[in-house]
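Look at the two complexes coming up: subunit A is in both, with subunit B in one and subunit C in the other.
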Partner chain A sequence: MLESLEAFVQGFLNYADLFRFGFLMLGVLVGIFIGVVPALGGIVAMSLLLPLVFGMDKIAALSMLVAIHAISGTGDNITSILMGLPGSGPAAITLLDGFPMTRKGEPGKALGAMMCADTMGALLGVGLAFVMIPIVRPLVMSFGNSELFFLILMGLSFLAILSKESPVKGLMAGFTGIILSLVGLQHSTGVDRFAFGKDFLLGGLDIVPVILGLFAGAEMFQMAVFKETIVPGGVVKAGKELRRQFFAGVKEVFQHKWLWFRSCVLGYVMGLIPGIGSEVAVWVSYGQAKQTSKHPELFGTGCIEGIIAPESTNNAKEGASLLTTLCLGLPSGVAMAILLGALLLQGVIPGPSILTTDLELTFTLIWGLALANIIGAVLCFYIIGYLNLTWLTTLPPRVLVPTILSVVYLGSYTTDNQIAAIGVTIVFSIIGLVMKRGGYSRAAMVLGFILGRFFEGYFFLALQTMGPLFFLRPASLGIIVIIISLYIYRPIQSFMQRRRGRSALEEIAGEEP
Partner chain B sequence: MNVHILIPLIVAGAMVAVIAVASGYPYLQAKLSVIFSGSLVLVLALVQLARELTLKKRQADEPRADQRKPEHHAETVQYGLEFAWLVGFGLMIYLLGFFVAIPLYVFAYMKSHGSRWWASLITGALLPAFCYGIFVLLLEMKLHRGEIFMRWGF
Partner chain C sequence: MDRMIKHMAVIGVLVVLSGLIMGGRAALGADASEEFFRGKTVDWIVALEAGSTTDLIARTIAPFLAKELNVKIKIENRKTDEGINYLYNQGTKDGLTLGIKDSDSIIGNDIAKAPGVQYETEKLNFIADVYPSTKIFLISPKLPYKTLDALKKAKGLRAGGTSAKGSLAVTCAVMIEVLGLDAKIITGFKGSKELTLATARGEVDFMIPRDTTAMRNEKDGYAVSLLALGNKRSAVLPNVPTVPELGIKVSKEVATAYKFVTSGGLTVVLPPGVPEARVEHLRKVFQRLNNNLELQKAMAKMTGVWLPFVPGQDVQQEMAAIKADKALATKLDALFKKYSVVR
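Presenting the complex of A and B:
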């Protein structure tokens, strides 16, 4: 225990070295810059910088990569909130409530809440890492294909909840998303499903062109038709007012401390499980926030809880993902796989032995993640509050539409270097606009699209490896209970409220002479 | 026809096609998820269609609040025009490549939508320069050069 505490403190003190701190800062700057460009997330930046890692100081190199990964999501969220331009799955969910807040003239509040939830989520991730190290191995090992399948099912169970207007429309959009995710070669049989032999479809539709089309493309299309600016009344607050909004957003996180804490713990647990990327974790978090909110009808219209929950989850998840990558050698996603490569390049062998041989490095990187988030939040505050990026939202559509559309098409193309990706974006821009006009949830479609392939894959894997009674494993049953309780929570809550109201009325009636 | 009726109708039609195609797949693993999801969406689309039709009957004289009523024809024309810009830009990129299509499109779009010529020209020049700086110089990415130029050997 004392040894762990010593490594924990030493991990922090490693950043007192200016050289290492400088590389952490460099990672933060690269992360912000690359994050704001659609489709150029942290993964691209990390893979580009990976060859530089060889021969560099171990802590400096790995801290730089961790910082890029931690901050690129924040950069991505800035364009998502201000311009409705998401570059990844997790940023698309921040857009759902962040962009409407910008349109209502509250961009600072949305950005403040996003950054505070991000930073505090990462800090809690560091705290939890210290507590979780002894139990991480048995917990991770208790998760098999069956549990992963039920976790995906938990995410999918939010399909109906995501639709504001009607659950039928939400389910329709979500299951259409699942069908779209099945386009391409089926992994276990090699059957070509709806790809019609086209090379670019055989690998499946890429998430980035789909999201860019559904959200950014559709918004630009509508903006062009109705000649609207992002903020219709031109009421974006600048300077002091924007900073006041920013702090109001920060305050909102503290006012929703239980939602924040719940989302962080959820993110942390999901981050420990290999195979569950940010995409799944943030949607589950958004769903639970909506399901347990006092005003679920406000979600998707600019509700601050819709920003706090996924952002806290996303960053708390990173601390846990880093822990499983280092301690078990099991990366939770592509970014962590790149980090795993960097560790090997540096001669560090990830695995349980790292807890005895390189415990200090483990804590150093976890601290790096937290410090990068703090520095990133401060930098972003200055960029937004003083450079006032929100002026972009007041640009007229004749300037905004061609500019953003150029970036959207470039972003789509660079995901796979396929010109057909632009075609996919155009098709999904039209689908997105039709869905918006018809009151169908684009978020539900994205959720179905992200989870669809996992759902099918884990289902067959669980069936093959554990047989038809795969759902009887204790951990699976635990997740099934959570899914059921999420669904019965609201009816029970309203029943209790009705009963309380009725008994109060009876009491008043009884007191009357 | 109303967009609220048209959407479930198109989706239902598409799902019939999806189920028909998937039924022909040789393995159960390949067709199970598609047929299950397709059937579910088909049922949901039919339910939604029925709801819209009964709603339309009830509200025959009352237009929906979420629909923009006036200038319906002008709106359709506007949709068509913007659709042409959207698709046209994609085609321009395919034929001429990013660094010719972007300045041309930005300039033409801004100018035709009422911007001053110098503003259109400056934006049209700055945007590709910015993209070139990031994607080509910094990230060393190879962007599409355009079918026409590639055929000519550029």
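Presenting the complex of A and C:
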């Protein structure tokens, strides 16, 4: 215990070295810069810098990569909130409430809440790492294919509630998303579905061209057709007003501390388990926030809780993923796999033995993740608050539409270096526009699209590896109970309120002479 | 007699001259190739996602190759078969587009006529095998059986694979037949990490990865090494016995299939149509890299051990022999169908 505490403190003190801190800062700057370009993201930057790691100072090199990964998501969220331009699955969910807030003239509040939830999520991740190290292995081992299947099921159960007005329309959009997720080679059987002999469809539709089309492409088409700007001139306040909004957003996170804490814990647990990407975790988080909210009807219209929940989840998840990668040698995604490669190039073998051989490095990197978030938030605050980036949202459509569409198509192309990806974005831009005008939830479609393939895959594996009674495992039963609780919570709450109201009325009636 | 001597002398001079011309041409060809690459940019197509072992190995080799060839290297990740299709159809025919992918997937998907495959393996130019590793039969630590004999007596074992008919699954099918196990193959795991976790949890009973993965899995307590495929022990796991050392006889019916699953590593390839001199130059460059101590150190850090690159000519011959065996694809398909839970 004393050794762990020492490593925990030393991990932080390692950043007192200016050289190492400098590389962490460099990672933050690269992360912000690269994050704002859709689909370019931290993974590209990390891949490009990987060969340079060999021969560099271990902590400096790895901290730089961790910082790039941590901050590129924040950069991505900025364009998502301000321009409706998401570059990844998690950023698409921040857009759902962040972009409507910008249109309402509250971009600062959305950005403040996003950055505060991000930073505090990462800080909680540091604290939890200290507690979780002894139990991370048994926890990961207790989550098999059956439990992963039920977690995905929990996510899918939010399909109907994602639609603002009509649950039926939400389900229709969600199931369309599920069908779209089936395009390509089925992994278990090797059978191709809906690929029509097209090479680029065999690998399935990539998430980035789809969300760029559904959200950014559709918005731009609408602006072009109806000659709208993102925000009508004058509504967006710059300078002092924007900074005031920013702090109001920060305050909102503290006012919703239980939602923040619940989302962080959810993200942390999901981050520990390899196999669940950020895309899945943030949607489950958004769903639970909406399901337990006092005003679920406001989600999707610019509701601050719709930003706090997924952002807290996303960053708490990153801390947990880093812990699993380091302590179990099992990366949970592409970025963590690249980091694993960097560790190997530095002669560090990730895995359980790291807890005895390199515990200090483990804590150093986890602190690096948190520090990068703090520095990133301060820098972003400066960039947005003092450089008045929000003026971009008032640009006329004749300037904005071609510029953003160029970036969107470039982002689509770079996901897989295929022209066909641009075609996918254009098709989904039209689908997105039709869905928006018709009141069909694009969020539900994305949720179905992201979770559909996981749902099928984990169901097949659970059935094959554990047999038809796979749901009887204790951890699976626990998740089933949580799913049921989420759905009976509201009816029970309203029943209790009604009962309380009735007894109060009876009391009043009894007191009357 | 004099005339004969004169004739002999003329012939001798001609032979020497033609030798000089040929040698000169070869030397000029090598020089020309070296000159051709100088200062140019090479696109290196990694036919797997960023962060995969293939990608990490390519990124480890790239700076050394760039220095040796005097070029800039741009790494581009593409989906598995799509990557080789792209190299085959759109890769430039001048030697400036390289590819990297494990050879058993390249040839395996070709002979199995997997959906979407648009290349013919024998037409590709193999430059080197940069990771000629050994496959290891790994069992779950949760399995009550710890020896091969006990495993042979067990019923209803579960093997794990990623994609249907992919190299992990096909290797399992062949080894189930070779070892005479009562087992089925479950495919659909996203990657080798997910499969490792499933083995550690006891959701599958065995998997057959390459030795670097096996070594790490064993060290972390996720699996136990039982045997090494092929005739040579693994350099990474030298204590693990091989199939012949355990007295296992491979029947004639599965001999070619067994040879197929035990061969191959991670190959660097060029598209068809690249001038022979440049192919040879690149092969020589990769062989020269074998002597680079810094590269050896970096590769040893990345994979656990330094294994010298196998010359491209050897890989080319091996691939051609596999492709020529028309019965092999049918055999592999039959074995997969026999043991897979999906038919």
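The criterion applied here is as follows: the second predicted complex is superposed on the first by the 511 of 513 C-alpha atoms of A that agree within 3 Å, B and C clash if a C-alpha of one lies under 4 Å from a C-alpha of the other, contacts with A are read in each partner's own complex, and residues count from 1 in each chain.
Note that a contact is a pair of C-beta atoms (placed from the backbone, for glycine too) under 8 Å apart; a residue touches a chain by one contact, two chains touch by 3 or more.
None of the values given here were measured: they were computed from a predicted structure.
In the superposed pair of complexes, A:A335 makes contact with subunit C only, with no contact to subunit B.
Contact with subunit B, but none with subunit C, is seen for A:R437 once the two complexes are overlaid on the shared chain. Of the two partner chains placed around the shared chain by superposition, subunit B is the only one that A:V225 touches, whereas subunit C remains out of contact.
In the superposition on chain A, A:F460 contacts both subunit B and subunit C. By the document's definition of touching, both partners, subunit B and subunit C, reach A:N417.
When both complexes are overlaid on chain A, the residue A:L405 reaches subunit B alone and has no touch with subunit C. Looking at the shared chain after the overlay, A:G501 reaches neither subunit B nor subunit C. When both complexes are overlaid on chain A, the residue A:T189 reaches subunit B and subunit C alike. The intersection of subunit A residues touching subunit B with those touching subunit C, taken from the two complexes, comprises 186, 188-189, 191, 417, 460. Of all residues in subunit B, only 3-4, 7-8, 11, 18, 21-22, 25-27, 29-30, 33-34, 37-38, 40-41, 44-45, 47-48, 51, 66, 75, 78-79, 82-83, 85-87, 89-90, 93-94, 98, 102, 105-106, 109-110, 113-115, 119, 123, 127, 131, 134-135, 139, 141-144 touch subunit A in the complex they form. Those residues of subunit A that touch subunit C in the complex are listed here as 43, 46-47, 50-51, 54, 140-141, 144-145, 185-192, 195, 199-200, 202-203, 274-275, 328-331, 334-338, 340-341, 344-347, 349, 351-353, 416-417, 457, 460-461, 464-466. Residues of subunit C that touch subunit A in their complex: 49-52, 55-56, 59-60, 62-63, 75-82, 85, 114-116, 118, 158, 162-165, 186-190, 193-194, 196-198, 200-201, 203-204, 216, 219-221, 298, 301-302, 341-342. In the complex of the two chains, the subunit A residues touching subunit B come out as 37, 40, 44, 48, 166, 168-169, 171-172, 175-176, 178-179, 182, 186, 188-189, 191, 193-194, 217, 221, 224-225, 397-399, 401-403, 405-407, 409-410, 413-414, 417, 419, 422-423, 425-426, 429-430, 434-435, 437-440, 452, 455-456, 459-460.
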